[in-house]
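Listed after this line are the structures, all set down as structure tokens.
Two complexes follow with subunit A in common, the first pairing it with subunit B and the second with subunit C.
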Partner chain A sequence: MNVSALLGVQSIDYVALLPVLLTAGGALAVLLADLFLARERRTWLVWGTLAVLVAALIAQIVLWSERSAAVRYTFCVPGVPGAAPPRSLLPCSYAVDDFTLTLQTLALAATVLVVLMAPRRFDVPFGEYHFLLLSSLTGALVLVAARDFVTVTVALETLSLPAFALVGFGRRAGGEAALKFFLMSIASTAVMLFGLSLVYGATGSLYFSQVYGGLLRAATLGGAPAQLAGVGAVLTLVGFGFKISAVPFHFWTPEVYAGAPVPVAAYLSVVSKAAGFAGLILAVALAFQPYAHSLGILLAVLAAATMTVGNVIALRQRYAVRLLAWSTVAQAGYVLVPLAVSKSSQVSASVAYLVLYAVMNLGAFAVVSAASGSGAGHLPSGGELAGYRGMYRRRPRSAVALAFFLLCLAGLPPGVMGLFAKVAVFKAAVTGDLMWLAVVMAVNVVIALYYYLRWAAVLFDVSMFGAAQLTAGAPAVVAAPVRARTALAANLAVGIAFALAVVLSFWPNPALDAVSHWR
Partner chain B sequence: MGLGGTGGTTYYSAYSIVGMLLLLGVAFVTVSFAANSLLAPARPTPEKLLTYECGVDPVGEGWAHTHVRYYVYAFLYVIFAVDAVYLFPWATVFAAPGFGVTTLVEMFVFIGFLAVGILYAYKKGVLTWL
Partner chain C sequence: MATLLVLLLALPAVGLAVLYALPARQAARVGAAAGALVFLLSLAVLPLFDYGRAEQMQGRLDVPWVPAFDLRFHLGVDGISLPLLLLTTLLTALCLLYAVRTTAKDESGRTFTALILLLEIGMVGTFLAQDLLLFFVFFEIVLLPMYGLIHRWGSGEERRRAADKFILYTLLGSALMLLGFLLIHARTGTFDMVALAQRHGLGMTLGVQEAAFLLVGLGFAIKTPMWPLHTWLPDAHTCAPTVGSVLLAGVLLKMGTYGLIRIGAGMLPLGAHKFAFALGCFGTVGIVYGALACINQARRGGDLKRLIAYSSVGHMGFVLLGVATLTRVGLDGALFASVAHGLITGLLFFIAGGFKERLGTTDLYTLGRGLYERARRYGALIAFAAMASLGLPGLAGFWGELYTIIGAAKPAAGLTSPGFHVLMAVAGLGMILTATYLLLVVRRLCMGATVGPSGADRYEPLADLSNRELVSWTPLAGLTLIAGLWPALILALADPAVHRLLGGVRQP
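Then we have the complex of A and B:
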């Protein structure tokens, strides 16, 4: 094979790349628009960002409508001229299949909600904020479509680097949180790159399909290459473990979420986490499949530790954002469960859980973000749980929505959506002969009920105001329910998330069957 | 490659040379510095203890200040440095057969992105001399 066949111009399918190109181009356009826009018109940037995201979602719809024809592959290494094998057998860097489309749509829609949920008087530089958000999203979109480890690594860094700066926009401890996030992230990336170098050494390729073949060969031959590849695979998973905040790599999560602006915390907990899971799923299901059995045991232990630690520590949290942070750690444990089953057919349960989790978690963050801010009746940086006492009086609709999202996260009716998600994961664990993990998960679901329900109950606790009204005539200045105003866009975000949660509670099939036919 | 068929022992023993070189290097530095401090006579005077600056008497302190505002020039320099890192390997191949116009355009797209960075710095007033 000559050099230009390997390194030369690869054919590029621009339609397949359209969502990524629109997002990346939109990021630049927003940054440039900020430079030439008068200060008082900077709210236009929000609508510009939303327009970019909607355009990318329309491109997604086009790709969805034609997905049944054939999977689109692009950035393929051209084979030897004359003996052209079918596209699906060539090593390709980018694929648009059910998995890619589901998670790209999830990331785009979630970012729409993140942009909308900005609190009133959001104190960040608008141009840079939206530019960084769209840049990070570009990384997420490429990561879920990547089919080789170089693209995965570059996309993971494109996802992470803007996120550090976004965290730094937090007003109270943003700088410290950003530094912690940065240091933890580069350490995990270094470990991951070391692992990848071992995998490359043992298999001679970084394309998923060829790593699969190489590992199969190494596993049958045994000896040093097989050991090297095994160590490499485990170290590679560490990098993703950090992104999804699985338990030994979760320490940054509560600090960073609490230090970051609330919408950025929502972004990290949904888009960044979903992208990290996408990388993990791709690596485990496509590349490291020959080692699925031993990696499965590792992932099962990781899942059990993650959900247990997350739930137990969440019990003692007093701040809303910190509680949500530990809750996302615990939820990541549930998503890991189907991956521990060493059959790739169980991947659909993980993806379904991710989609349903994204809706309910974004909803909860949207309410917290709308309630945060400065001024009367607002809770700075999400506030303490005590600040939500009697929220039903001040903002009945927000309180009902938040209670619904919390019930979804807990998996209780009427939030049946969360129940469907948990049942799908249970089913995967039971069919995969992981009974012990199913039991651990059941215990954890019960532990989690306590803190979700406690918060939901506080919302409707009117005892404080009831007492004030009994002492008629007394000036109840402090306790008087302040009808706080929230930004229109933030309420819109809550409304959209609520509508999606209700629809998915009645009809969860789009999420549950999204990738059921994926390899 | 020799990875497939050879057993574990020969594979790892290839690395033993690296380990031996490492030990040898550490031993060489330790022995030569120890020998120097044991054998050399030490009769210090104030002149001998001065910092050696090419034979000229040293002026001022060793600690020099640079104004913090120059960090932005450092950033701008990095933009151009990254530019050059990609331009040099590209320049050696873009005219080779199999690359052509697409490769040429790709590099200008990349430079366009960097130009946005310069434009951003310019509009934020970084390029005005303080």
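Then we have the complex of A and C:
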């Protein structure tokens, strides 16, 4: 027992924090570098940001390599001097386990793709843009490692505040979208904090492990504290529901995605959403486990509503980003399914789905971002779907990649990766005796196939100015075709996502096994 | 032999790679070469197959693929799957050969050929897979290529809608089927089809088997298709290009009956028993419905391709009735009828495609009459295919339907005997109706004078069978004859395997 423990000072494991520290430091470095760089050299900031992310990823690899030894806990409340119980039993705020590592790696790698997918002549202030992106990422990295509700809340705000500003960079409706996002997010945080206050009142702690114990006691005793804690848990989940845009808390999603620059929409749909899910998973699996049964019913209904509403509304979309926005709502519904299983823990299916979803969704966003461009000739909301007609002729590789990502999202071979993701979720539902939810999801998969496939088919449609458009009934206006020239970095992003998708189609085991032994 | 089976899957994939390595104008030839090679390779299975143990899964290869799902790359072939495997490789090879001349020598021709090769991977894999999840993956692989063929190379204004209908219907079916598989796995802890066949439903309660059979059966019933879930079929067939129709009718529908036999009847015997009579009823309604729809198509304004499509609904009704009896004879008949239907309907769709190529239409009344005079051999082939299709003894169509009827006369123990006798009678009526429409077609197309009494109905002579058509069509006609004269060729293979499959169901 060292001195700091005797004094009640928490010891800090800086190695465990390395990815977070690197990202936060990198954010500041990018902001400072922006001040000293000549205007024409601003693009260096992109490479600087990438260097920061790669450094953080290397730190991740170090943590991965030693994960079998022991889970790293830090920011622990020291125990009674002399007693020295094992770390895992102490209330700790930050843990580096399989779950943390998987989602941190996911967030870092996804941000690499987001940075790369910027279109040609991306007209945002580069310094601020990358600073905000890295700041928000810092929040995401902390959130997935957090093991108490205060850290979760602080991380969630660190994640969200820069995101409002990022959305505001959108050229057309950016300001309005940012304001909407801000208001919705604030409201959700308020609801969540209220819920947490109730949970604290009932259990006397905000550490997951102690909330778990407290709820267990409350549940066995029953009465007012148990009810109070139940209401608190539900309200907390509502807060996360906003972040993951679960129906009925999804209203902000399409407007915000459509108003934001496409890479920011990609970031929100993958990193921000994955972090929101991480919070939800941690809360459900670690803290609120004693209430798993009743929360499970709630989550099952939420999942069914989310996927159905998302898919049905996606059917009617005419713009690329809006369609992807509604599709991400629907996909969130699928991720919720394993969480609704209360009998045995199926969390690994949700995490596997998040990982696979990240690859295919980022790929689709990357192609759309490259194709819709920026600046004067920028196509709002990723361009109309009709503008993608015959893309195979002009940009065969992009078109094939986009079609592949769409098939992955639909879960139809050759997009085998997406099929495996769906199988993981179906399996969780069937094993957990949620057959009705599995059938709802099966119907949803069919609905979703329709709009993904329609878009994919348009790409290969060669009758660009064919008979259909010349007949009297059809409107004479031809949608602005998507761009032919794209930035090298954006193509790189598409290429990386494509390669990952192909590899995961043949070998999905890394994603599926990532957290299979967690908890 | 395991290597051979893997090669059957790998070779089309290699063909795909070569396709994109060579210039686009070579695409059709590369495709034909790959198709022929796969067929020859599948013939090589014949001498290696141990006919004394036709009921055993042979050439097994079993390696883990995705441990998280318990998904294994598990292949094998037995007496049930071998005939279907050969049918698949034969039809694909013939289609690729047939398409050599019609395939465009550009990028679109390359995509066309690539889709057929991808389709072949899925079809062959479905019949080889011995792991339920692997089976599901292959079952899904065929959807996109067929969708592409109809959507992009189909004919008519309706082709996009038809393609959508096809894929959405089938995907709904296969999604439910997946749930059934997962339910089986949740209760038995394995996806291994060999082990599940051995257990013959052991480890699953009646309720579980019923639920699983309902889910799995729905998936296969849509694929087969069973009335009233057949509505995607006529549209898809009418719009699909010739080779698409041939493969759709010849192989894709068989994936449904194959699954129903191997997985439905073999692994979920109690569930199958529970729903057998319903299955038989739907199948019998399909027989009559298909025949009536065909008679309707044989009138003015009817379409030859749509007619053949509806006739498939009827023939598949026989297959379903055969499966529903849950007897050795019935299942033998169902398997035989599946293969026969693949040969005969493949031939019929080729013939319809020939009309499309010559006259640009498949409208029965625009095609004109007097084909015996206008194109002698073409007309004879139509008459031959029609006779085979109506079940003339001595041709392939006969045995499957006969065995089915015999099976229905004595259904498995516990099934309602009077009920099946009614079905048998109705199916017999369906056979008469089937003969009616096929004879109507033959009369309409082949007979009659080329010049009407007033001289108004004047039909130009038609180009007779070309060499290309002879090469790609006569194997089907020949096999139809051989299978009709020597049914034991297939039955000797299938019967022991069927017997084993029905292991737990007591024979009457």
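Quick notes on this one:
The rule we apply is simple: the second predicted complex is superposed on the first by the 482 of 519 C-alpha atoms of A that agree within 3 Å, B and C clash if a C-alpha of one lies under 4 Å from a C-alpha of the other, contacts with A are read in each partner's own complex, and residues count from 1 in each chain.
FYI, contacts are C-beta pairs under 8 Å (C-beta built on N, C-alpha and C of every residue); 3 or more make two chains touch, one makes a residue touch a chain.
Since the model is a prediction, treat every value here as computed from it, not as a measurement.
Touch criterion met: A:A224 reaches subunit B, while subunit C stays clear of it. Of the two partner chains, neither subunit B nor subunit C is touched by A:L492.
Comparing subunit C and subunit B on the residues of subunit A they touch gives the larger count to C.
Contacts of A:A202 after superposition: subunit B is touched, whereas subunit C is not reached.
Of the two partner chains placed around the shared chain by superposition, subunit B is the only one that A:L28 touches, whereas subunit C remains out of contact.
In the overlay built on the shared chain, the residue A:L453 is in contact with subunit C alone; subunit B does not reach it.
Residues of subunit A that lie in the contact sets of both subunit B and subunit C are absent, per the superposition on chain A.
Subunit A contributes residues 2-5, 7-9, 28, 31-32, 35-36, 201-202, 204, 217, 221, 223-225, 227 to its touches with subunit B in the complex. Residues 66-69, 108, 111, 118, 122, 133, 137, 140-141, 143-144, 147, 151-152, 160, 164, 167-168, 171-172, 175-176, 178-179, 182-183, 185-186, 211 of subunit C touch subunit A in their complex.
Residue ranges on subunit A touching subunit C, taken from their complex, read 348, 352, 407, 412-414, 416, 419-420, 423-424, 426-427, 430-431, 435, 438-439, 442-443, 445-446, 449-450, 453-454, 457, 460, 462, 508-509, 512-513, 516. Residues of subunit B touching subunit A in their complex: 1, 3-8, 11-12, 93, 96-100, 102-103, 113, 116, 119-120, 123-124.
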